[in-house]
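Next come two complexes, and both contain chain A; in the first it sits with chain B, in the second with chain C.
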Partner chain A sequence: MNQIMTLLNKELVESLKTFKLLAIIITFLIIGVLSPFIVLIMPDILESAVVDSGIEMVIPEPTADQSYMQFFSHINQLGFIVFLLLFGGILTNEISRRTLINLLTKGLKRHNVVLSKVLFILIIWTVIYFMSAMITYLYTVYFFDETVHHLPAALSTTWLYGIFLISLIFLFSAAFKNFIAVIFSIIGVVVVMMILTVFPSIEMFVPQHLLSLNMELIIGEKDLSDTLTPVAVTLSASILVFILSIFIFNKKTLV
Partner chain B sequence: MLSESDWIIFLIPLILLQVILMITALVLIIRQTHFKYFNKIIWIVIVLLLNIIGPVLYFILERR
Partner chain C sequence: MDILKIENLSKSFNDKNVIDNLSLIVRENEIYGFIGSNGSGKTTTMNMILGQLEPNGGDIYVCGEKVNFGNTETNKYIGYLPDVPEFYNYMTAPQYLRLCAKLTDLKKNERESRIDYLLSIVGLSGERSKIKAYSRGMKQRLGVAQALIHQPELLICDEPTSALDPKGRMELLKILKDITAETTVIFSTHVLTDVERISDYAGILYEGNIVKEIDLSKTDFGDKGIDLKLDSNEYKSLSERIELSHLQGDNYRAVDISLRDLYQLLYTLDIQPSQLELSKKSLEDIYLEVTR
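Up next is the complex of A and B:
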């Protein structure tokens, strides 16, 4: 426990000194502000385009669910990419710089290294994600009178998907030792999951399904009971992958 | 339709956040003498032209 607290402190200092923490916090703050903003300025943009082209069309009023839709698509595109780039090397950087070897020979437990990094990255992800969601929520409540369905559940599904991606960072870091290999393996897994969600019969068992589920929850097409299977699958898959990565990292030669 | 004050409560935080990130990266680039990739001028251009992604790339590639 003592080792983990010390290592957590080390991770915090390192992410502050490399400015990664600042960069990720600012990116997620921007996503939080940008999402409702885009929805609100969209009618103005459309209107100017319509006036120029001379086509007659009715411009729909912006709605609260569009604001969350924008938030989810920004997290999926910008948020996950920046997060993976900044924190995808959390384990491989230390392996390639060989900074761990001295500590490990002096009695630092290997599983404590992985556990502290997992804990650190989970805390960062949870804090920045819900901070960003809270900002979008506050702007949305201020500008739109309507309420949306199942908002906490919809927000949590994307959060859980992020945890699954984090578990993949550790699995591939333990397996490959190389940051670029980690990033491309994760992209590979995401592409495979995207292909699998095309088949309706297995869609429920693919973590990627959580990302389409959140919108269906918000507009009220799906109910909370529909989330049980994908949430259970993603949660157990993440825990399994975390355990597997600690197991692989323990067996690994680090020179 | 957004009123003028509505625009301000979006634009001020958005601009402020981008500027903080950009200036942090620029200060670090100007004080740095040896670069692993590219050189000082190219990094300054990248950070100025690419919002968010530019500074993020600099932090990942040069400051690990």
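Up next is the complex of A and C:
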């Protein structure tokens, strides 16, 4: 435990000194603020775009649903990418730069290296994600003053998908030695999952399904009971992948 | 006491035997120079001692405990200085040593005094700049300090002087020599003068095995021969009686003859060489002999 706490503190200091923490906080702050604002100003933007063209267009009033749709869309398109680019090399950078060698040859346990990094990255992801979601929630309540269905569950599905992606970071970091290989492997898994979600019979068992489930929950098309299978599958898969990562890293040749 | 014991160690990469049935013993408070050419398997052996590389066969014991690949308990006895030590460049030396100390079993109340002591012996006391601003030599000295933070029984140094300038090399060798009171040192190198300067024992690694171990406390490695400077007439008459090998210019070496017999012969032939010297074998000569 002492080793994990020491390394956790080191990770925090490192992310501060390298400005990674600042960058990810700013990114998720922007997502949190921008999502409801875009929905709010979109009718004005559309109106100004068509006003001189003579085209008649019925622009619907912005809603709270759209605000959350924007939020999930930004998290999927920007949030995950920035997060992977900033923290995807958390383990491989140490392997390729050989900075772990000094520490491991003093009796530092390899599984403590992985556990401390997993713990750190899970904390960062959880804090910045829910911080961003909270900002979107507060602005949405302020601007639109209407309730949506199953908001906590909808937010949690995307959070859980993020956990699954993080588990993949560690799996591929344990398997490969460089950051590029990790990123492309994750992209590969995401593409395969996207293909699999095309088939309705297996869609429920693919973590990628969580990303469509969130909006379906918000607009009331799906109920909480519909989340059980994909959540259970993704959670189990994430835990298994984390354990597998530790197992592979324990047997990895680092020199 | 045997600090390090290696029995029949083997390691191959892509069917090429890099280490082949190697056995070795290093005793307490010795400095053991591990000599070999580039690619001879020195670093491979060290990585196996550290449990970072899995051997194909054989056993390694550190302080009597067996080394296991991956998570080996024996690393608590070992301090390791890689050839090019890498640090977290945003830290200062005391911050880095504090991190290392916290990861070991060193008691909390002993950490700061240990850090101060180590920084003083490696000449980095008062150095408060970030590690990224350090020179190669400073990084190497910090590398020694981090390797010693947990008072290891065995310090393993992989070519510690190879990247240093002559001054940095001298400083590092002095540090290694000075710390033998508290730890045993094994260091690999292909710079034989470094080994001669500080080691008690040297092992020559060749074709995956220790082909010769040398006790360096015995400074006399034997004679190479007797070197003489002769003019052409002197050479002609002497070479008719004994075998002379040509060295350079007018210099020749007489082998397989004692000094007394040579004096006798020179007197008989009325030869007065302008220079006569008993040539002693150096570690380099022994290395070249056994790796020929």
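To be clear about the criterion, the second predicted complex is superposed on the first by the 255 of 255 C-alpha atoms of A that agree within 3 Å, B and C clash if a C-alpha of one lies under 4 Å from a C-alpha of the other, contacts with A are read in each partner's own complex, and residues count from 1 in each chain.
Going forward, a contact is a pair of C-beta atoms (placed from the backbone, for glycine too) under 8 Å apart; a residue touches a chain by one contact, two chains touch by 3 or more.
What you are looking at is a predicted structure, and each value in this text was computed from that prediction instead of being measured.
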Which of chain B and chain C A:L40 touches, first, second, both or neither: first
First (chain B), second (chain C), both or neither touched by A:I30: first
Touched partner set for A:T18, first chain B, second chain C, both or neither: both
Partner chain in contact with A:T99 - chain B first, chain C second, else both or neither: second
Overlapping contact positions on chain A, where the chain C interface meets the chain B interface: 18
Partner chain A, residues of chain B touching it in the complex: 1-2, 6, 10, 13-14, 17-18, 20-21, 24-25, 28, 52-53, 55-57, 59-60, 63-64
Chain A residues within the chain C interface of the complex: 2-3, 6-7, 10, 13-14, 17-18, 97-99, 101-111, 250-251, 253-255
Contacting residues of chain C [partner chain A, same complex]: 43, 47, 50, 52-54, 69-71, 73, 75-76, 78-80, 82, 84-88, 90, 99-100, 102-105, 143, 146-147, 149-150
Complex contact set, residues of chain A against chain B: 18-20, 22-23, 26-27, 29-30, 33-34, 36-37, 40-41, 43-44, 78, 82, 85-86, 89, 93, 139, 143
